[in-house]
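Letters A, B, C and D mark the chains in the order given here, with residues in each chain numbered from 1 onward.
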Amino acid sequence: MTHGLIPGKVSQSNRHLAPREPVPAKAWGHVATRFNMLFGVLCVLLFFVGSAYAEVPNAVPPKGDHDGKHVEQPIDFPHDIHARDNKINCMYCHTYARRGLVAGIPPTSKCMGCHTVIATDKPRIKKLAEYWEKGESPKWKKVHDLPDFVHFNHEKHLNRFIFNNEGMEVERADEVCAFCHGEVKEMTVARKVKPLTMGFCRQCHEDNNGPSDCWKCHK
Amino acid sequence: MHTKDINENLPWSQINKDVMRSMMNPRKAYWVAIIVCIAMISCAVAAEVYQYNVGMGPANLNWPHMWDLYIATFIFWIGMSHPGTLLSAILHIIHADWRKPIYRFAEAMTTFSLMTAGLFPVIHIGRLWNMYWVLPYYSDRGIWPNFRSPLVWDAFAISTYLTSSALFLFIGMIPDLAICRDNTTGWRRKLYTILSLGWRGDDRQWRNFRRTYLLMACFLIPLAVSVHSIVSSDFAMSVMPGWHVTTFPPYFVAGALYSGCAAIMTLFICLRYFFRLEDYMTIPILVKTAKLTFAIAMVWTYLNLIEFASIWYGHNAVDKELLIAKFTGAYSPYFWMMLFIGSVVPFTLASEKLRTHLPTMLVVSLVLNLGMWLERWMIVTPTLSQGYHPFAFDVMWPSMIQWAIVFGSFGWFGLLFLIFVKVFPCVSMYEVKEMCYHRKREAMGVGHGSHAAGGAAGAVTASKTDLEGS
Amino acid sequence: MSTYKVKRRDFLKITGLTGASAALAACDMPTTVTLEEGEEEVVSYLMPEEYVIPGIGVWYASTCQQCDAGCGIIGRVREGRVLKLEGNPVSPINKGALCQIGQAALQVHYNPDRLKQPKLRQEGKLIDVTWDDAFAALKSSIGPDSGLDGSRIAWLTGTVSGHQRVLMDAVSEAVGGASHYAHETLNDTVVDKVNADVYGSANVQYKIADAQSILSFGADFLSTWGSPVHNSVQYGQFRDAPRGVLIQAEPKMTVTGGSADLWLPVRPGTEGTLAMTIAAELVASHGADATKLPKAMADQLGQYSLDSSEAQTGVAASLVKQAANFLATRAPSLVIAGGTAAAHEHGYEAVTAAAMLNVLLGNVGKTIIPVADFPYPALAPKKGDTAQLAAFAKKAKAGDISVALIAGTNPAYTAPDQLDMAAALSAVKVKVAFTEFLDETSSMADIVLPLHSDMESWGTHVASYQVADPMISLQQPLMEPLYAETRSLGDTLLDVLKLYNAEQYGPFADYYAYLRNVVSAVPAVAKEGASDEAYWQAGLQQGMLKVTAPKPFPAAIATAANDDASDALVKSADTMGFVLPVYEKNKDYPLSLIPAASSRLGDGRFANLPWLQEAPDAITKIVWNSWVEMHPATALYYGFKQGDFVEVASAEGSVKAQIYLHKGINKDAVAVPMGQGHTEYGRYATGRGVNPLKMLATTSDVQTGELALCATRVTVVSTGRNEELVKMGGSESQVGRKLVGTITADQLRRV
Amino acid sequence: MSLENILENWSKYRKGHEEGGYHEYEHMWGMAIDLDKCTGCNACSVACYAENNLAVVGEEKFSKGQGMHWLRIERYWDEPDLGEDKVNEYQIHGASFIPMNCQHCNAATCEPVCPVAATYHTPDGLNAQVYNRCIGSRYCSNNCPYRLRYFNFFSYYEDSWPEPLQMQLNPDISVRDKGVMEKCTFCVQRIRTAKDDAARDDRRGPGAVKDGDLKTACQQSCATQAIFFGDLLDKDSAVSKVWEKHEVALGKSSQNKSNPDKRGYRVLEGLNTDPCVMFLERVREV
């Protein structure tokens, strides 16, 4: 049997775990109407517990967690050094994200843009340089994968949550990316920490009044 | 030959003995039958496994023939399930007590044919590993089945009908199970002890038992009728010529009872012969069943004529062309065969000579079943082969894959039934006793009293003493 | 659809590396679905252009190479793969449309049976070798030190134009006078000659859109004749109000016939008679001026009456009357002839007779415009035909050819057995095949050089049918080559030339460089003051280079033909002592065979494209196979039923196929479509159906010597087998349900 | 996400039809095909194969009627409307061609019968088929009077695109697996791309996509311009002009024409399926 179009194969989200971000009050009534009361209760608790850091305006982050495995990459790219320590915006490298369907892996030329001068002595950079000499780009492995019948559009989501979002600064893009990709800036090689199941998506679309037309994502 | 439904002087111990005997020590023939059934099933399984791996293509399904034998046979088995209810529930309520010796296996038939029917939707679905999406369950995807779709109604109707008829069968068996419990040893005793739910046969139990039984019966009748009406709406709800017919619900129900009664006659004769139950499944009862079948056959014929007439005098040219195609087109031989079997053959049931001749009845009942199966096929396929759009006219013949699975379904039914008759009493002992009791009182000129509880109580106590005696 | 106008073409070169892997990763196969992290690779570019965004298609302009109509195409490129071809909106030829064959060019490129490796014949077998070895072999056979007399070398190609032709000629010259034979089964040799004789120019523009009534003799101008897409575009306008009326006279219904208002089932070979009858009718009943005609013909008109023609042509007199009436009353009219009308022993006369109708109706210069030859003769198409193939065969058999360079043609398949190509080719010592596939011909070759597909190579082309001001169509690669061991024809020709003339051709690294350089050769007037670079970029964006011609361009001849074409006409009419054949019955072979040009498979070169194999034939709706078309009455006479397997036998050979019955064919004709019956052409074509060309008699047109395709008589014998045809759809009738609504034109006019 | 909202949506769509359309439609994509211009050349069909990853099934499966052709050109020999009771000896008026693709009915008969709601009506008036939701009961196809739905009887992809043919597959469209129903989508991927482009220059919501922003694959390839495609809600779009000119309106089961030169009609519209594809009658001089 082939797994072609079988959502059943999608690993189910364990969405009863406590979400990281607090749920703002306005979301409460919205959520309670939903069937899943357990989840509702959790939200209320969390709301009272509250939490430390500010949240993305006009957005209810998706809920759910996933324990992704470590993926061997040709080069162990340190997201933490770039995004956390050096405060480089996600979209500086993943520049296609705001222009098209896929975020895309930055072209090797982009890496070399900096790394012809910066940290050229580091082993990983050396490795990168080798690729560059050979005129190849590293064969990166996909970490966040969706079934082929799902057509996710980065551009639209970034517009909704960042560029067309009142009171949201582009500097904080990473918080929006974290909705689906987790706190990548805390990782070296990216790990999949969100379920990215249909339930995960629909939940968020409900909370943020996203489209509910099947043919938006499935074609 | 005796004219009475049953010899009321039959000693109750005899009844127990006979019925018990039918359950014990299977003979060689039984094991052969079992093996045959298993062989049939394995054909189907092989075919299904292949179909599962390759797709629906090998079944010769095509554009526009998206449905074929699977659905036809599905309806056939659903139909088979009806007379059980008819006998046990309807006849029960109208106090037709000749049903008593034969309703038990009829009910069993109901349950098992439903279990067989239930397989076909699964088999015919293109991606059966997703079959469960038809059921309304909460998923985090937040999508639900389409409650407007007759197929979803089917899912509900059939599952309800299956559970309730199984329940009905079981409840009706409790007193007999108690008798079995008291007369067996080893695993059987253990089994019956559990199943008979501590039946002691005291008055309170009897009273509750009666009520429950009656309640179930009343509940089951509308259910049975609605089930096949809903199945018929798979077609009646569509727009296709030959399917979009208002008379379909009654037509389907009639057809269902028809095929079912025929099946009952078949099993009746087999059981009577193999288990030597001549004293219980008597010729007069067979005759009554035959008369019933004949009546239903006429209703069915009538409904057919109505359909033809309403199409012929209606203004829908497309429907008319389809009807003509049915009579003259590629499938016409089978259509004529169905009409002949369905409307002409039953007249053999009208002749006293023939309907008392068991071999003939066996053949006739089998033929009637074939006819009813053809009917279902002739409902499904011709419409698909000639719908609204001429470019999609086509003639298609089912492949071996389909035949194998249809064939195997009979094996599956047979297997379940064979197991049943050896594990459970296929004749209701306590009801037969009741029957004898009443007949005797009638013979003695004692009118019906409040017979139910008293009679039953008597029956049980009597049976108890008998058992002690033996 | 986001269409990015592209400035430069380097990006493919850079990202091409990831192209293949990208393709494999990005292709949406259900089996590639995986949610395990790290199962799939992601596309990552090395150094992409600004406008390249993963997931968004970029459109590049090029030129369709499936036939010589030269339609402009744009191809959608994503992640280094070309995904979809569409018509180029700015192309004056196809105005953004594209036919099914053009669409299927993708499957030529991605075809699983494409040659990946050069082959050399060793001990009678073709062995895979590297390109260098193969080229070395080529060098040793035609190189400077091969010591071969150049005249013993011959090109055998299809229709070639543009700089491929220039380089071929250069090679011929370099090796010392090699001869060049071009072969196309479906050609217009006869029509061109008639046009030259009657209108004074072989190049004629048919202004279909401007006509109010069109009479076409056998020319399936909507799908297989002339420039089909261009004609179809015009046909669309032709049907706009005021609605033109189309009359089609042909023995077997073609796509064009299917759309005709009036379809005349003319008996094969009597098209000329029909034309003359209509001329006579025009003169008799509609006061047309017979003196416009050359005397030789005018005198003959008397012989043609409606009744005599009915007996001859099998077309009911009433229909002929109606046709003449339409032509007379719906001016301007247009008469086209070609295809099956020209494919007879007296095809030339038939086409001339049709042309005379244009003269009689005064269409010349209005709807039919003779234009000058292409201003740059070196680039002009060298049109192929079967006469040249015959010449080649003759010379080869005489042993006068020791090296044959074969490109873009497949004579071993298309040539009638009578020509005995097998013998001819085996008489050639070294056969070099420049090809993308191993077909009947290239599998006989000694050196097989695998070419880039049209999606991978550069090129320039000149359409065989001039639709507007002359232009050079540009063909540019839409993606990186799939295979390392293939080369483009242009590059190979350059390499050969470098062997002979290093200082002239040495400077050009590759064919691209050569073409880029050519631009500067285009006279400044054509560039309208633009710089070379700008001119080139514009060319790339539009897929064509405008080359304004010496003025006045078309006008010159048109007027001439208009005023007094007489001298030209008289010449033509008299030189041939105008005779039209009489249809005589043949006892042993009662039926005429029509090897029908297929709108899907052409002359067979597209039979290896699955899309086209599965695309139903327009008229019969049959797929994947060959069939025999026959009129029900004929079938009744011989006792055949739909689906019968019959043997169609001529004196020269026979084929077996299933019968399809319809009333769209003359009763004295049977039609067998071309295209199937390949013995060697990849998995989709090999061993499928039959090839009617093999059984043709080598009768040829008297005037031009071109093979007469429809001149073969056959008999049909049952084989006793009957099966259901593999066709799309059930009922052939609408059984009274309104699916295709039809109204009469007078209803339309009554407002 | 809840049961209510789904039921409510359905009721809207249903109610919508009687009221002449779901009242919150953003677009109502529709088509008009001029049969007088259609030459039956089949370019549109092949274009559809190329654009929508249609499987080539091969002769044997095709002969069984298991082929996939979302857009099929039908050819009929008779012309009932021409009042030709007399049988002609020859096919003197040519053949009758009609391209049939999914009619995207507003009261689609296929939608209510799908047990899992895999086929439904989108807010832009499309009759959607969600492959990954389909369980293959094939009821929709049985209930489609036009028979325009095609079923994956096999895992066609296994042998339809031998290496490297699969490189041509369009990544915007899923390749369908066995057991799934499929049909013409009006090139929804192009519609979505056009929407995205519209959003880029701040056109959103109803009427965001303007006429001419997109062409379907079939329309694009049609040389005679026989196919019009566009938004029926946009009164200025070419397609709605054609509908208007020929007096065909949505939400009716029969059109009453002011006079016969209004050539518009919809196939089998008497069944009240309310198709979004309109045809212009073929004209013949007789």
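Keep in mind that, in the parts below, a residue touches a chain if its C-beta (ideal position, glycine included) is under 8 Å from a C-beta of that chain, and two chains touch if they have at least 3 such contacts.
These numbers come from a predicted model, not from an experiment.
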Set of chains adjacent to chain C and to chain D: A, B
Centrality ranking, top chain (CA atoms only): D
Comparison of B-C and A-D (more C-beta pairs in contact): A-D
Centre distance in Å when chain A and chain D are each reduced to the mean of their C-alpha atoms: 37
Cα-centroid distance, chain B relative to chain C, in whole angstrom: 67
Centroid distance [mean C-alpha coordinates] between chain B and chain A, Å: 57
Between chain C and chain A, distance of the C-alpha-averaged centres to the nearest whole Å: 54
Set of chain C residues in contact with two or more other chains: 28-31, 55, 729, 731, 733-734, 736-737, 739
Touching two or more other chains - residue numbers and ranges from chain B: 127, 130, 142, 388-392, 394
Per-residue multi-chain contacts in chain A, two or more chains: 2, 4-7, 35, 147-149, 202-203, 206
Overall pattern in which the protein chains touch one another (line/ring/star/complete/other): complete
Sites on chain D touched by chain A in the complex: 1-2, 5, 120, 122-123, 126, 128, 130-134, 155, 157, 172-178, 180, 185, 188-189, 192, 196, 199
Complex interface listing, chain C residues touching chain D: 1-2, 23-24, 26-31, 55, 78-79, 81-87, 94-100, 102-104, 106-107, 110-112, 222-223, 228-229, 232-233, 235-236, 239, 243, 245, 248, 253, 255-265, 316, 319, 326, 482, 599-600, 610-616, 618-619, 621, 623-625, 633, 662-664, 683, 688, 724, 726, 728-729, 731-734, 736-745, 747-751
Chain B contact footprint on chain D (complex, rising order): 1-3, 6-7, 10, 61, 64-67, 72, 74, 76, 100, 109, 112-117, 133-139, 141-143, 145-147, 150-155, 178-181, 268, 271
Residues of chain C defined as touching chain A within the complex: 17-18, 21, 28-48, 53-56
Contact footprint of chain B on chain A as seen in their complex: 1, 5-8, 12-13, 15, 35-36, 197-200, 202-203, 206
